[in-house]
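This is the structure I want to talk about, given as structure tokens.
By written order: A, B, C and D. Residues from 1 in each chain.
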Amino acid sequence: MNRYAFRYSMRQSFQSLSRNAWLAILTSGMIAISLIILGGFLLLTINVNQFIHTLESNVEVSVFLEEGVNVGEVEDRIRNLEGVAGQTFVSKEEGLEDFSRTMGDPTLLRDLEGENNPLPDLIRVQVTEPEQVAIVAETVQAYPEVELVDYGEELVARLMQITSRLNALFVTLGVLIALGAVFLIVNIIRLSVVARQEEVVVMKYMGASNGYIRFPFFTEGLVMGWTGTVAAVTVLGVVYAQLTSAFRQDSLILLFQPVTDLERLLPIFLGLMIMGTLMAGFGSFVSIRKYLRV
Amino acid sequence: MNRYAFRYSMRQSFQSLSRNAWLAILTSGMIAISLIILGGFLLLTINVNQFIHTLESNVEVSVFLEEGVNVGEVEDRIRNLEGVAGQTFVSKEEGLEDFSRTMGDPTLLRDLEGENNPLPDLIRVQVTEPEQVAIVAETVQAYPEVELVDYGEELVARLMQITSRLNALFVTLGVLIALGAVFLIVNIIRLSVVARQEEVVVMKYMGASNGYIRFPFFTEGLVMGWTGTVAAVTVLGVVYAQLTSAFRQDSLILLFQPVTDLERLLPIFLGLMIMGTLMAGFGSFVSIRKYLRV
Amino acid sequence: MIKINNVSMHYPGTGEPALEEMSIELNPGEFLFLVGPSGAGKSTVIKLLFRELLPTKGQIYFEDKDIAAYKKDEILQHRRRIGMVFQDYKLIKQKTVFENVAFALEVLGHSPKEIQKKVPEALQKVGLSHKEKAFPRELSGGELQRVGIARAIVKNPDLILADEPTGNLDRDNALQLMELFEKINREGTTVVIATHAWDLVDRMQKRVVALAGGKLERDEKGGYDHE
Amino acid sequence: MIKINNVSMHYPGTGEPALEEMSIELNPGEFLFLVGPSGAGKSTVIKLLFRELLPTKGQIYFEDKDIAAYKKDEILQHRRRIGMVFQDYKLIKQKTVFENVAFALEVLGHSPKEIQKKVPEALQKVGLSHKEKAFPRELSGGELQRVGIARAIVKNPDLILADEPTGNLDRDNALQLMELFEKINREGTTVVIATHAWDLVDRMQKRVVALAGGKLERDEKGGYDHE
């Protein structure tokens, strides 16, 4: 290749795109759809993940205290533990009231108030990560001031198991869908190249090198992939923004807060763009291979 | 058309399929991928639905009884209510024990045993449908034997709202993915027809009617769609069977039981097959339209 | 049979019209050569008669019917009655030689038996019996051209339109095929041939319509040139 | 320049070979006509020389190198030195006439300036200056053929291989183009033309290689027929 090759190649790319406009638009559209499905699934995954995480993090550790201990001291020690998000002190009086209220009658246990109160004081500890529940419980259990620690081991274990299963399921599905999307994109491009095989053969007969022929196809693929990707990311972004704002406006649904931090969304959107663009370019590149053998 | 037309058309279809075998396989494969994504999503949807339903149905109605009433009579009346799945009687003694146990010390409230027990008797009622919770609670509240009914109104309302939102989300996504799949299938077929436009034009010049030309393309589309669909349904079926059996073997995960009744799975699989096949046939049919105008 | 009345053809987006105010009449059973330099408009006339194109001005009557006014079904009927030899062959790539020729008969609804009989006959007439099972990509230029001719004559058409049917044929083959057209013509088929084969035109001494730059230059019985 | 040594070509899946034990030698600056009936093997010879095909037997030497042993890059170099006129034109549908001709120069790395100069010159030589901006689908058969010729000559090749370059051209145009080939030949380019145009072959009195059924029949200076 010489100094004009790049110029001729670029012109060739844009000419082809505009002369095969209908095909190019169709191809971009199909790439966009493939990526929207993949991206939609990824967004769903991180939200389901977040939802389950929220559910799990809601599990509290109940720390029952020995009678007459210095509550503030215990609270200080707990506060300094790793993985503790917060704590609430529930005095034995409040505990009794709570219990009565659940029974439907605040005055139900009036006889037990004051000196007769058999309940211990209680600190409810919230943790940051579900995995911390068992660790925090064990640590606190060892404090001499603590009579007993309780956190529904069974429920946590069950939730953790469901989580890991669901995670495995979503990761598997995600990988499969991603592979499917790659297969679709590469082959959509391949079909669009089939219609132009004669062109490739003629170029080859003119003495054009494989690289010279491939380069315009590659850039065309990149452009179509890029267009489809931008369309996909735009659609996904707008729809997702609508959905999250609809969910968030509703303060009732506290448990289900959609993921909105850019830190987690950006990799998905960027990943889609890079994947769509590269796959389309790569698809063009390999698709003409078999027509180059003349 | 005359009596030989059908025969010629059928032969034409199978000839084209075998002579364009590579294209046909590619097309079927792409249709299969599209349908696997759609079908996978539908299966996910019915399982998420089932999961949430199970969660909701776990909400119990606590019926606190007046002192000294005939428990059996109340139980009988509750049993005959619509939407009641079961009930458990918890005597005041058991209630006290339960409470003590949650506090971490079965002997904690020993003083309150027997005559001093301030707790009422309790019946826990399980319902069949989450929507029944409020209705059952209201009905039972009106019984003279009942002191109070409690079921965590707020939690139920919240769950219901999440459910309806999630349902709306999944239905919307499902519809979008289905539309995407249709778009993909129709256009994949269209691309495969582009490569054969000259053939259509020549047929038209030979005086073949549109129907005569279309029929083989239509049946080819049906066959490719059918092949892709069967592949998709087989893959989905096998993978889903594996997944469900993996989940079910684990008795710990009681809350998350995958959907396995054929009544709900069959429509999905049949729907996919019909959709994939028809869309491919329809795609072929419309794709050659523009080449027929000569 | 055919009346071309003051027909002009102006391809959209081009400067001068490819055909300008041309008028000729053609009786059933006639044998007509269309001659003229490259780009003169010969193929355009053939395509107009085939109703592949519609004239931008003027009318073309086929058996006293304006073919521009044909309904969808009449277009099909029209084309079924015509045996067309395309300048660029227009064979179906995915079909063998036999299948390409057979297709013309299938469209007409002939029985498989008739097809099994007529196709080999036609191929034999153009000297391609040994290439029945070949695909177009496996044929030489002249062989492709002869498949196109076989496909046109196999259905005993009322009218043969042949656009440069001997351009890729050697002298002997070309002469034989010209004689084949003449024989078919003697059996009643009207024949219109656009050609550059001046030697054959001279030899046949038929009616010659000469075009130049889209205009009718000459219309008389005789040879390729005006003398 | 070229030595064809005992070459046979047997297309896979066919009965008889398309070319059988053919041997000829061609010196630089020669002008050769390849003649023979349809299917004789003329295009096969041209394709072998272009290295579009590899012979099943025998060798072809180009400047004393066996072209079957060419490396990838040498194949490109070989084709760049040849101006090929394909029997089926092989123009790029999506490119205009100008672009099709220009492409041959772009591949060689000519500057845009040179291209702007040489392409119109070549088109003018074949009489197609007015069709620069047309797409192949908008051209007549003879015009397509002339674009193919312009593309072959524009790059001043060392060797011209022309397969039936005048099949769709009228007598005057064909003669002009033959004279163009002769002029290019006089300037030093070796020319090989496969053709059925017996009148032109007779007129030019060059070396004629006649094939029949894949076998070399005749190789001598003179006319189309053996006298």
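By definition in this document, a residue touches a chain if its C-beta (ideal position, glycine included) is under 8 Å from a C-beta of that chain, and two chains touch if they have at least 3 such contacts.
Keep in mind it's a predicted model, so treat the numbers as computed, not measured.
Novice: Counting only C-alpha atoms to place each centre, which chain is farthest from chain B?
Specialist: D
Novice: Quick check: how many Å separate the C-alpha centres of chain B and chain D?
Specialist: The computed centroid separation for chain B versus chain D comes out at 66 Å.
Novice: Can you work out the whole-Å distance between the CA centroids of chain A and chain B?
Specialist: So the centre of chain A lies 22 Å away from the centre of chain B.
Novice: Find the geometric centre of each of chain B and chain C from their Cα atoms only, then give the gap between the two centres in Å, rounded to an integer.
Specialist: 62
Novice: Could you state the distance in Å from the CA-based centre of chain C to that of chain D?
Specialist: For chain C versus chain D, the centre distance works out to 28 Å.
Novice: Return the residues of chain C touching two or more other chains; collapse runs of consecutive numbers into ranges.
Specialist: Chain C, residues with two or more chain partners: not present.
Novice: Which positions in chain A touch two or more other chains at once?
Specialist: none
Novice: Counting only chain pairs that touch, give me the topology of the graph as line, ring, star, complete or other.
Specialist: Its topology is that of a ring.
Novice: Output every touching chain pair, sorted by label.
Specialist: All touching pairs, sorted by chain label, are A-B, A-D, B-C, C-D.
Novice: Which of the residues in chain A end up touching chain D in this complex?
Specialist: 1-5, 7-8, 15-16, 19-20, 196, 198-199, 201-203, 205-209, 212, 294
Novice: Once bound in the complex, which stretches of chain C touch chain D?
Specialist: 11, 13-15, 35-40, 42-43, 87-88, 130, 134, 138, 140-143, 145-146, 163-164, 167-174, 196, 198-199, 224
Novice: Enumerate the contact residues on chain C facing chain B in the complex.
Specialist: Chain C residues touching chain B: 50, 52, 73, 76-80, 84, 86, 90-95, 99, 103-104, 106-112.
Novice: Within the complex, which stretch of chain B touches chain A?
Specialist: 23, 26, 29-30, 33-34, 36-37, 40-41, 44, 64, 99, 102-105, 108-109, 111-112, 116, 118-120, 147-150, 157-158, 161-162, 165, 169, 173, 176-177, 180, 183-184, 187-188, 190-192, 194-195, 243, 247, 250, 252-256
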